[in-house]
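Read through the structures below before going on.
In what follows, chain A forms one complex with chain B and a second complex with chain C.
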Partner chain A sequence: MSFVEKLQNIDRRWIYILAWIFVLYPLINPLGLPVPIQKESTAWNKAINDIPDGSVVVFSCMFSIASIPELYPMTIATFSHLMTKNCKIIVATFWNDGALVFDQTLLKQIDPATYGKVYGKDWIDLGYAPGAETAMRAFADDMVNTFPSDYLYSKPTSSYEIMQNIKTAADVDIIVSFESGTPGVGEWLRQWNTPYGTKLIVGCSGVSAPGMAPYLQSGQLNANLPGLTSTAEYELLIKRPALATAGVDAVSMSHLLVVLLVILGNVGYFATRGRKS
Partner chain B sequence: MSNVLRRIEIPIALTVIFTLLQTIPYYFRWESDLKLVDPIEQASSIVSQWVLLIVAWSIFIGVISLLQVHGKTVQKRSKGWHYSIIVLVSCIVMAIAGLPFAEVGLGIKNPVYTFLFNYAQSPLSATVFATIAFFITSAAYRSFRAKNIEATIVLVAGLLMVMSNAPLFTATLPVVKTIGQWIYDVPNMATNRAVTIGGALGLVALAIRTLLGRERGYLRGGGD
Partner chain C sequence: MVELITLFGTYIAVFVTLGIFTILYKENPWYRTSESLFLGLAVGYGVAQQMLFVRDQWAGQWSKSSIMMIGYFLALLVGIMWYFRFSKKYFYIYRWPLAVIVGTGIGASLRTVMIAQFLDQIRAQALLNLWVPNNIWPTTINNICMFVMTPAVLLYFWFTGADSKPGFMKYVDKLARYTMMAGFGSAFGYTVLTRYSLFIGRAQFLLGIPPNLAEGYPAFIVMALIMLASMIGYDLMQKKKTTAV
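Moving on, here comes the complex of A and B:
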C-alpha cells in the first residue's frame, strides 16, 4: 500500500492518539491563541447586563452530569455575573441531575454570601421537580406548591422572604436556562414565554445550537450562548477568565485536527481514484 | 361491575377530559371576558400538581424494575452478572444515603452521597461524554469524502462550520465565521423551522386522533 493510499485509511488508533495529543497538550501548556469576540457572547453579556434592578430571575441547570464539561463553565460565569446584579434569583431545575450539579459543583465555586447575597432573601434553591414539561407548567402557575420546600434546608418555600411576592411566572422577568436536551427551550417557550411573556435566554452545548436558530430569529429567544468557545468569549467580556478560557485552545486544536484529517483523507481519495480509473 | 370498569371508553373519556382541561386554559386564559375559563384553569392547575405526584411515584417503579432485572441477572449468573452487582450496590447505597432524613445524617449533605456523586458519578459521566470526541474525529475523517456533488456540499459546509467554531480559524480567517454564520442563519434555520413546524403539525394530528378515540396506541397496546 502506497503512502497516498494509506492517507485515506489511517488506523483509528492513530487518530485516537492524535486526538488525545491535540486536546491534552494545550490543556497542559496553554497556547494563548486569540479568541475573537463574536455576536453570540456579546448578546448574552448584554442580556445579563440589561436585567433591570429588582428583577426576578429563574436560573435553571437543565443538564445532566455528562454535560458538565461543556455547560458548567457558562453556568459558573453567568451565575457569578448575576451575583453582581441587583436581582432576585430562583434556582430550579426539571432535570434530575440539575439540582446536584448546582449544589455539589457550582456552589463550591461561587459563594453568594461573598457577593452580599442572603439565602432566602436574595436567592433561593428550590431543587428538582419531576414531571418535565408538566412540572414546568405547574411551576409557572404555582411556584410554592410545585416546590413546597427548598432544596438546601428543606424548609417550607412559603416561609422565605423572597417568595412572598413571587407566586407565578407573571412575577418572573427572565429565565436563564442551561440545557442539553429535553425538557429545555421548547418547553420554556410553550409554558412560560408564550402564555406569560417571560423573557428567555439559553446556554446550550454546541451540538444543540442549530436547533436554537429559529427561536432566535423569531425573537422568542433573547440570547443563546452555544458551547465552550462562546463561553470563553463571554468570560473575557466579563473579565473573569476561567474554565472555558483554559479549554478553548483545546477546542481550536481539536478542530484543527479534524480539518487536517479530512483534507488528508480527501487527498488520498483523489490520488487513488485517479490511479484506479 | 368489573366488566364495566374494563371498558375501553373509560380511559378514552379520561384522556379527552384531561387533555381539554389543559388545552382550553392555554388558549383562552388571557381573554379576561371569558370567566367560564377561570374554574377550568384552576382545575387544570390542580391536575398539573397531580401529575407531579404521579411522576414522582413512577420513579419508585423504575427503581423496583431495575432491582428486579439486575437481581434476576445476579441470581441466574447470566452474562455480565458482575456488572449487575455494581448497579445494585450503587443504587441501594445512593438511595439510602440520599434519603431526606437530615436529622440522622442522610440526604444531600451525607458524605457518602456527596463522595459518590463527586468522585464516581461525575467523572464517569464526563468520561463517557468525552470519549465522543475520539469517535467524532475518526468518523469525520472517514465520512467526509468528496465522492459526489452531495457529499462535497456536506463536506464543505461541515468543514466551514467546524472552522467557524474554532477561534484559531476565526482569528486568522474572519471570513470563515461570516460564512459559518450564514450557514447557521439561513439554510440551517430554514431546515430546522421546517422540521419543527412539520413535527408540530404531526402532533396536532395525533392529538386530534387521540381526542376522537381513533388513536389507541397508548391503551393496552392499541387493541379493543
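Moving on, here comes the complex of A and C:
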C-alpha cells in the first residue's frame, strides 16, 4: 500500500490522539495568537451597552449541561456585563437543565450582591417551566402565573417588588437568550418578538450560527454571539478575559488540524482516483 | 483548602469525563458506566424538575377555587393518559393526550409563524440595499450575492424533478448548487468549532484552568493512569478469551 493509499485509511484513533495533542498543548503552553475583534462580538457588546437605564431584561439559559463548555463562558461574560447596568433582570428558562446551569454554576462565579443588586428588587430567578413553546407563550401572556413561585427561595413570585410592574411580555424591553437548540430563537420570535415586539439577542453554539443568519439580516435578531471564538472577542471587549480567551489558542490549533486533515484526505482521494480509473 | 466533598466530586467528574472519552478507543465498561450514570441522572433530574413545576402550579394558582381544581385534575388526568403508550390493549387512549399536545403546539406556533419566519424574511430580501457607497466590500458584495443566490436556491427546489431544463435554468441550477455548497461548508466549519469547543471546555476542566478547580489536574493524571492501566488489562483479557475460544 502506497503512502497516498494509507492516507485514505488512517486509523481514526490516530486522529483522536492528534486532536488531544493539538488541544492540550496550547492550553498548557498558551501561544498568544492574536484575537481580531469581529462584527458579531462588537454588535453584542453594543447591544448590551445600549440597554437604557430602568429596562427590563429576560435572561434565559436555554441549554443543557452538555453545552456548558461552549455556552457557559458567554453566559458568565454577559451576565457580569448586565450586572454593571442599571436594569431589572428576570432569569427564566424553558430547558430542563437551564435552571441548574444558572443556579449551580453561574451564581457561583458571579454574586449579584457584589454589584449592589438586591434579589427580588433588581433581579429574580424564576427557574424552569416545562412545555417549550406553549410555556413561552404562557410566560409572555402572564408571567406570574406561569412561574407562581421563584426558583431560589420558593416564595410567591407576586410577593417580590420586581414583579409588581412586570406582568406580560409587553413590560419587557429585551430578551438575552443563550441556546443550543429547540426551544430557542424560533419560539422567542414567534411568541415574543412578533406579537409583542420585544427585542431579542441570542448567544448560541457555533453549530446553530448559520441558522441565525437570516434572522440577523432581517433585523428580527438584534445581535448574535456565535461560539467560543466570538465569546473570546467579547471577553476582551469588556476587559474580562476568562475561559473563552484561555481556550481560543486551542480553537485555532484544532481548526488548523482539521484543515490539514481535509487537505491530506483530498490529496489521497485525488491521487488514488487517478490510479483506479 | 478544598473540602473533602468537593474533592470527591472533582474526582467523580474527572472519572466520568474520561470514561466518556474512552469510547474514542473502543466500547468498554468505563464508557458504559459513565453513559448510564449520565442518562440516569439526567432523567431523574428532569422528572424532579417537572414534578416541582406541577407542585408550584397547584400551590400558586390552581388550588384557589373549585373550578380551577377541576381544571388541574383534568390536566393531571390527561398527563396520566400518556402512560397508556406502554399498554398494547389501551394504546388508543395515549392518542388523546398526544392530540392535545400536538394541537396546542401547532395552534401556538401558527399564530405568528407566517410573519416571523416567512413574511419578515421576504421583506428583508426585498429591502436589500444593493449599493452601499462607503462599504463596497463586504456589505455591497454580500447584499448582491444574497439578492442573486437566494432566489436561485428557491428556483432550484421549485423545479426539482424536471428531466430537461431550459437553458437559463441550467445556470440557475449551477449557481444554486454552489450557494448550497457554500452554506454546507459554513455549517461544517461551525460544527467543527462547536465540537472542539465542547472538548476544549472539558480539557480546561481536566487541566484545572480557572474558574475550574485546580484539583482537577492531579485528579486527571491519577484517573487517566488508572483508566489506561485498566483498559490495557481489559484488552489483554479480551484477547486471551478470544484466543481460548
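Methods note: the second predicted complex is superposed on the first by the 273 of 277 C-alpha atoms of A that agree within 3 Å, B and C clash if a C-alpha of one lies under 4 Å from a C-alpha of the other, contacts with A are read in each partner's own complex, and residues count from 1 in each chain.
What we mean here is this: contacts are C-beta pairs under 8 Å (C-beta built on N, C-alpha and C of every residue); 3 or more make two chains touch, one makes a residue touch a chain.
Values in this document were obtained by computation on a predicted structure and should not be read as measured data.
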Inquiry  = Per the contact definition in the header, classify A:Pro148: touching chain B only (first), chain C only (second), both, or neither.
reply    = second
Ask   = Who does A:Pro195 touch here: chain B (first), chain C (second), both, or neither?
value = both
Key: Partner chain(s) touched by A:Ala242 [first = chain B, second = chain C, both, neither]   = second
Ask   = Looking at the overlay, does A:Val4 come into contact with chain B only (first), chain C only (second), both, or neither?
value = neither
Ask   = Is A:Gly219 in contact with chain B, with chain C, with both, or with neither (first, second, both, neither)?
value = second
Ask   = Which of the two partners, first being chain B and second being chain C, lies in contact with A:Leu107: first, second, both, or neither?
value = neither
Task = Classify the contacts of A:Pro34 with the two partner chains as first (chain B alone), second (chain C alone), both, or neither.
result = first
Ask   = When the two structures are overlaid on chain A, which partner does A:Thr229 contact: first (chain B), second (chain C), both, or neither?
value = both
Request  = Figure out whether A:His255 sits in contact with chain B (first) or chain C (second), or with both, or with neither.
outcome  = both
Request  = Kindly list the residues of chain A that each of chain B and chain C touches, one partner per complex.
outcome  = 12, 16, 19, 23, 65-69, 100, 129-130, 132, 134, 137, 145, 154, 195, 206, 209-210, 214, 217, 227, 229, 251, 254-255, 258
Request  = Flag every residue of chain C that touches chain A in the complex, lowest number first.
outcome  = 24-25, 42, 45-46, 49-50, 52-53, 56-57, 59-61, 104-105, 108-109, 111-113, 115-117, 120-121, 123-124, 146, 183, 186-187, 189-194, 196-204, 207, 209, 211
Query = Within the complex, which stretch of chain B touches chain A?
reply = 22, 26, 29-30, 45, 48-49, 51-52, 55-56, 59, 100, 102, 107-108, 114, 117-118, 121-122, 125-126, 128-130, 133-134, 136-138, 140-142, 144-147, 155, 159, 162-163, 165-171, 174, 177, 181, 184-185, 188-189, 192-193, 196
Query = Of all residues in chain A, which touch chain B in the complex?
reply = 8, 10, 12, 15-16, 18-20, 23, 33-36, 38-39, 64-69, 100, 103-105, 129-132, 134-135, 137-138, 141-142, 145-146, 151, 154, 195, 206, 209-211, 213-214, 217, 227, 229, 232, 248, 251-259, 261-262, 264-266, 269-270
Key: Contacting residues of chain A [partner chain C, same complex]   = 12-13, 16, 19, 23-24, 27-28, 65-70, 72, 96-97, 99-100, 109, 127-130, 132-134, 137, 145, 147-149, 154, 156-157, 186-187, 189-191, 193-195, 205-210, 214, 217-220, 226-229, 242-243, 246-247, 250-251, 254-255, 258
